[in-house]
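As written, the chains take the letters A, B, C and D, and residue 1 is the first residue of each chain.
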Amino acid sequence: MTPPEIVRIGHVVLSVADLAASKRFYVELLGLNVLHETPDGLYLRGVEDREWSLKLETGSAPRVRQFGFKVGSEAALDQVEALARAEGLATRRESELDRPSMLRIQDPFGFPMTYYYPAVRHPWLLQRYDLHRGPGITRIDHVNLFCPTVGDMAAWYQRTQGFRLSEYTEDRDGVTWAAWMHRKGNVHDLAVTNGAGPRMHHFAYYLPDGSRVTQLCDILAGARMEARIERGPGRHGISNAFYLYLRDPDGHRIELYSSDYLTVDPDFEPIRWDRDDIRRQQLWGGPAPKSWFTEGSVVESFDGTGSPVRESALSGIPTYIS
Amino acid sequence: MTPPEIVRIGHVVLSVADLAASKRFYVELLGLNVLHETPDGLYLRGVEDREWSLKLETGSAPRVRQFGFKVGSEAALDQVEALARAEGLATRRESELDRPSMLRIQDPFGFPMTYYYPAVRHPWLLQRYDLHRGPGITRIDHVNLFCPTVGDMAAWYQRTQGFRLSEYTEDRDGVTWAAWMHRKGNVHDLAVTNGAGPRMHHFAYYLPDGSRVTQLCDILAGARMEARIERGPGRHGISNAFYLYLRDPDGHRIELYSSDYLTVDPDFEPIRWDRDDIRRQQLWGGPAPKSWFTEGSVVESFDGTGSPVRESALSGIPTYIS
Amino acid sequence: MTPPEIVRIGHVVLSVADLAASKRFYVELLGLNVLHETPDGLYLRGVEDREWSLKLETGSAPRVRQFGFKVGSEAALDQVEALARAEGLATRRESELDRPSMLRIQDPFGFPMTYYYPAVRHPWLLQRYDLHRGPGITRIDHVNLFCPTVGDMAAWYQRTQGFRLSEYTEDRDGVTWAAWMHRKGNVHDLAVTNGAGPRMHHFAYYLPDGSRVTQLCDILAGARMEARIERGPGRHGISNAFYLYLRDPDGHRIELYSSDYLTVDPDFEPIRWDRDDIRRQQLWGGPAPKSWFTEGSVVESFDGTGSPVRESALSGIPTYIS
Amino acid sequence: MTPPEIVRIGHVVLSVADLAASKRFYVELLGLNVLHETPDGLYLRGVEDREWSLKLETGSAPRVRQFGFKVGSEAALDQVEALARAEGLATRRESELDRPSMLRIQDPFGFPMTYYYPAVRHPWLLQRYDLHRGPGITRIDHVNLFCPTVGDMAAWYQRTQGFRLSEYTEDRDGVTWAAWMHRKGNVHDLAVTNGAGPRMHHFAYYLPDGSRVTQLCDILAGARMEARIERGPGRHGISNAFYLYLRDPDGHRIELYSSDYLTVDPDFEPIRWDRDDIRRQQLWGGPAPKSWFTEGSVVESFDGTGSPVRESALSGIPTYIS
């Protein structure tokens, strides 16, 4: 059976403690663009995004509320709904600003996934270079999730939703430690990394080139917010990205990402990395900080209670909070 | 009926008068990488290409012999063959180094198109930064063709082969003057421009960023080959590319291209440009040289005689040389 | 006799018709930083400048009122005053915001030169990257002046004020067509170009690198002010600068300039360029527009009447307006 | 008394165990240019250098043999010789390829300093962009030396040779921990850092911009020599440099350095950094590795025996080996 047409990662919804502090970070320093602003929410986007791609909401605790995927048609929403129900997953229909028709599910691994079509599209800012600020963040690129059962999760998304594997990390026993999967033809829309979860490791925006990544380091330093830099700049072996990882005021991790490659060839062979090859993480050498392996954002159940999803350690399946 | 799965532009085959001079230009100065070399041919690629993407062959006159598209399967070759025959087009099966199965057709507009699957894939050079030379050309990106009947040609490729329109130029009477079409999810694999044809306006390789485009200007200047620069550097309104156009030793035009955008959204609306809006060509202002509108590479019939395809002026359908 | 210690170019004072339009251009688009603002004047600087380096004043006609050079001590002011008087040149002492002690002279070629020491110094913005805007203009670099007697003027500044020649353009008869002279150890503080004058050809600010030069093209294009781009981007043979020339709302020409070289060696031999070698102007090839040779800003006498200095054509000495 | 005219840092002479390995590192990967090659020595330079600036010699142990400063005249050599003798320092005249007249001294802190004038000058490679390799290293910029008596050494070079202080690190008791001094009008030619010595902390070459610094990381990674990267890339608070530190095959530390600022103003006030302000070392945050504080190259006496200079720990004056 043809899987539903998932087009690409579309949005992330985060709850934050202090919307003003988040606006200072994401808008004034990182230079994301405000598309809509309400008393409790900020809808942001990169200069190439024609839709909002990050929503920040006031919340009592820092959480991830949604990972949103754009699909190709309203029929695709029905198709995802059907496959979710067939697997006994909870689903719900919702609407949101500029997103009249969203299907939400809790995936088998505990993640609150949203699928949407259509979306209200706005004039982009790509060629309004006079309005670009800071490093000129381009577009949403991917999310990377902590899950204790990477192999299962990666297989599920490939089987049910047609995600294609671009790269993966394996140990000598053939156990998958991390997987990068895409729909849009670059390295990833969705990555899964071994760790206690369900948690979000990070979400990522694309930048035009590496010099913009280092410019952002300078901007943060100028504002005396260099402590927000958790890792980088550097070059991943995996994905070939020129990367920078920041922690926002609530501790959510955002990656600024540049320079990956095309994966549209049907005979593209996923790239295997050995778990013990340090180059997969950093071509230039040097280890990641410990926090990079252990800290992630709590994800929220979509049952309306705002509860976090119960997490599992490095094995087993997460159980939803009843 | 579902069109055949065209994946992306895959290669260009050019005949050149002096292979050594071409090697000096493409390999030593532009920094393309030699994958294979034979007495009469050079097979080149960018650092991300896993297959050869440019073949230069010794020939008595500068010609374009093939525009090659990678397809998704051998079945797709059969499908293209069937649709070509249904339209009364000549077809031929051939093989080539690393391309065991190629279907060649002469399209209704006179262009010698090749479709291939599979291709021998080689380790890429993307992360062998120590081997990159010059501006580090990344990958083949697109071809742009002169045709006197742009609207017909653009419609044919959309209808028969599933090309998707990203941008187009129109006059006030609704006549299409140029069209950009893609399969791989960026701005184009195939563009068509109004002009006497069938001719090749240019073929293009992707560069990592604009600083590499200007670096190439410096390299050419250093070698006292600044006369090879025909236009640029500049920023196209159409495609948002940071561009540079060069003429190779035989007069073939190559574009070095950077920074376009994603077009994977199914509700992407093609961008319309007015023919009289100079910004479509150059956001920074300033006209293109006359040669840019009038000069293009002659294309060759694939009948084995090496004859050029008879050309038409700005209307009518080209007629093949009998 | 040891010449007075001229340190570097320090400022330019321009009169402009509409201060608000100039602020939009210089501050909002180019990203120069406001140090002081009065009803009739704007004092601007780059992020490395600790002093103001550009003053814009409301005036009835677009003029250049001062070219300012920083000197090494108050004694150097006296020394310049003495040498000016010895040559029968008019001089005047003035003060200005942050410049308590300025010596003004009209040089033998008609230019209103100012020498100053000390200057009030302000905290720089170099490491306040969060406050940089647009391309992050760094510092004032040089002025370039039209004069019909280039050889005489270049000789006078070398002889009386210790300017050092870095590059020059000569024809086959040994006539100097242009000269680049410095005090600060890079290519120039003061350049003289053959043309009707005294006029200012341009003043220039330094940018960190070429990518910032092209970023500024994009910014102007985004604001639909691409018509302000007169020439470039390109690479000068002379000075090796990666350049861009703009015309401000009053027609004053500003160069954005990057990547020159050190000239501190005492055995540095000035680089000679043949007048007919196009590479001196543009390593990448291509001619300059005609306006680049014929249009310059009128300079103003410093007699308090606001009169322009009477100009000469391509020979002879300018005569002051009585 | 006017100090001798020291112009700038001019060269470093290093002994290395395996000249072929050093050539691979400095020439093939870093892209320095070979000016002369002898059986036992390599004379290298950046693309802007008109003279050789790095000499590598085969030696039994990795040592620094000379730090060379270009002076303004032969008279300046005599002047340095006189001041050295007045302080009881050993001196010697030598000649070398392209350096017919060199004065060598062992300074009071144990460093083997060379002063030279004139030098044979060669056509530069600055505008031969076609010959640039790798990141296009521009010119020698400075040396940084470990000395246990920083305050004394910095004072001595300012007093006797007219070095000017640009930045310094101090603790709360007013003890100088490090000092940056220049002659050429940028941040430094000579820096002194607290540590056991006399040792060389590093020598540095200038690169055009930060993107070239990160390009070099990629090149080293591509060649699987990422272990040569000791620190960076990053942004120093001090000097504002975009930096990278490498260790060569013998452990000598080389910095690739970009983007500092002008210091020619006579009223430039040296910038004070508190020893405990981490931003002085890395604006982006994050500590330096321990090796950066403790490891340096042994310097060699110039008595012809090839002996290392006896070192002192963090106080006291080094004693020469008799």
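The criterion applied here is as follows: a contact is a pair of C-beta atoms (placed from the backbone, for glycine too) under 8 Å apart; a residue touches a chain by one contact, two chains touch by 3 or more.
Note that this is a predicted model, so its numbers are computed, not measured.
Shared contacts of chain A and chain B, meaning chains that touch the two of them, come down to C, D. When chain centres are defined as mean Cα coordinates, A lies farthest from chain C. With centres defined as mean CA coordinates, chain D is found 45 Å away from chain A.
Per-chain Cα centroids separate chain B from chain D by 50 Å. Contact with two or more other chains is made by residues 127, 209-211, 218, 220-221, 283 of chain D.
On the chain C side of its complex with chain D, the touching residues are 5, 7-8, 48, 50, 70, 72-73, 118-119, 121, 126-127, 139, 184-185, 208-211, 237, 240, 259, 261-262, 264-267, 269, 283.
Listed in rising order, the residues of chain B touching chain C in the complex are 209-211, 214, 217-218, 220-221, 226-227, 229, 233, 235, 242, 279, 283-286. Across the complex, chain B meets chain D through its residues 28-29, 127-132, 211, 215, 218-223.
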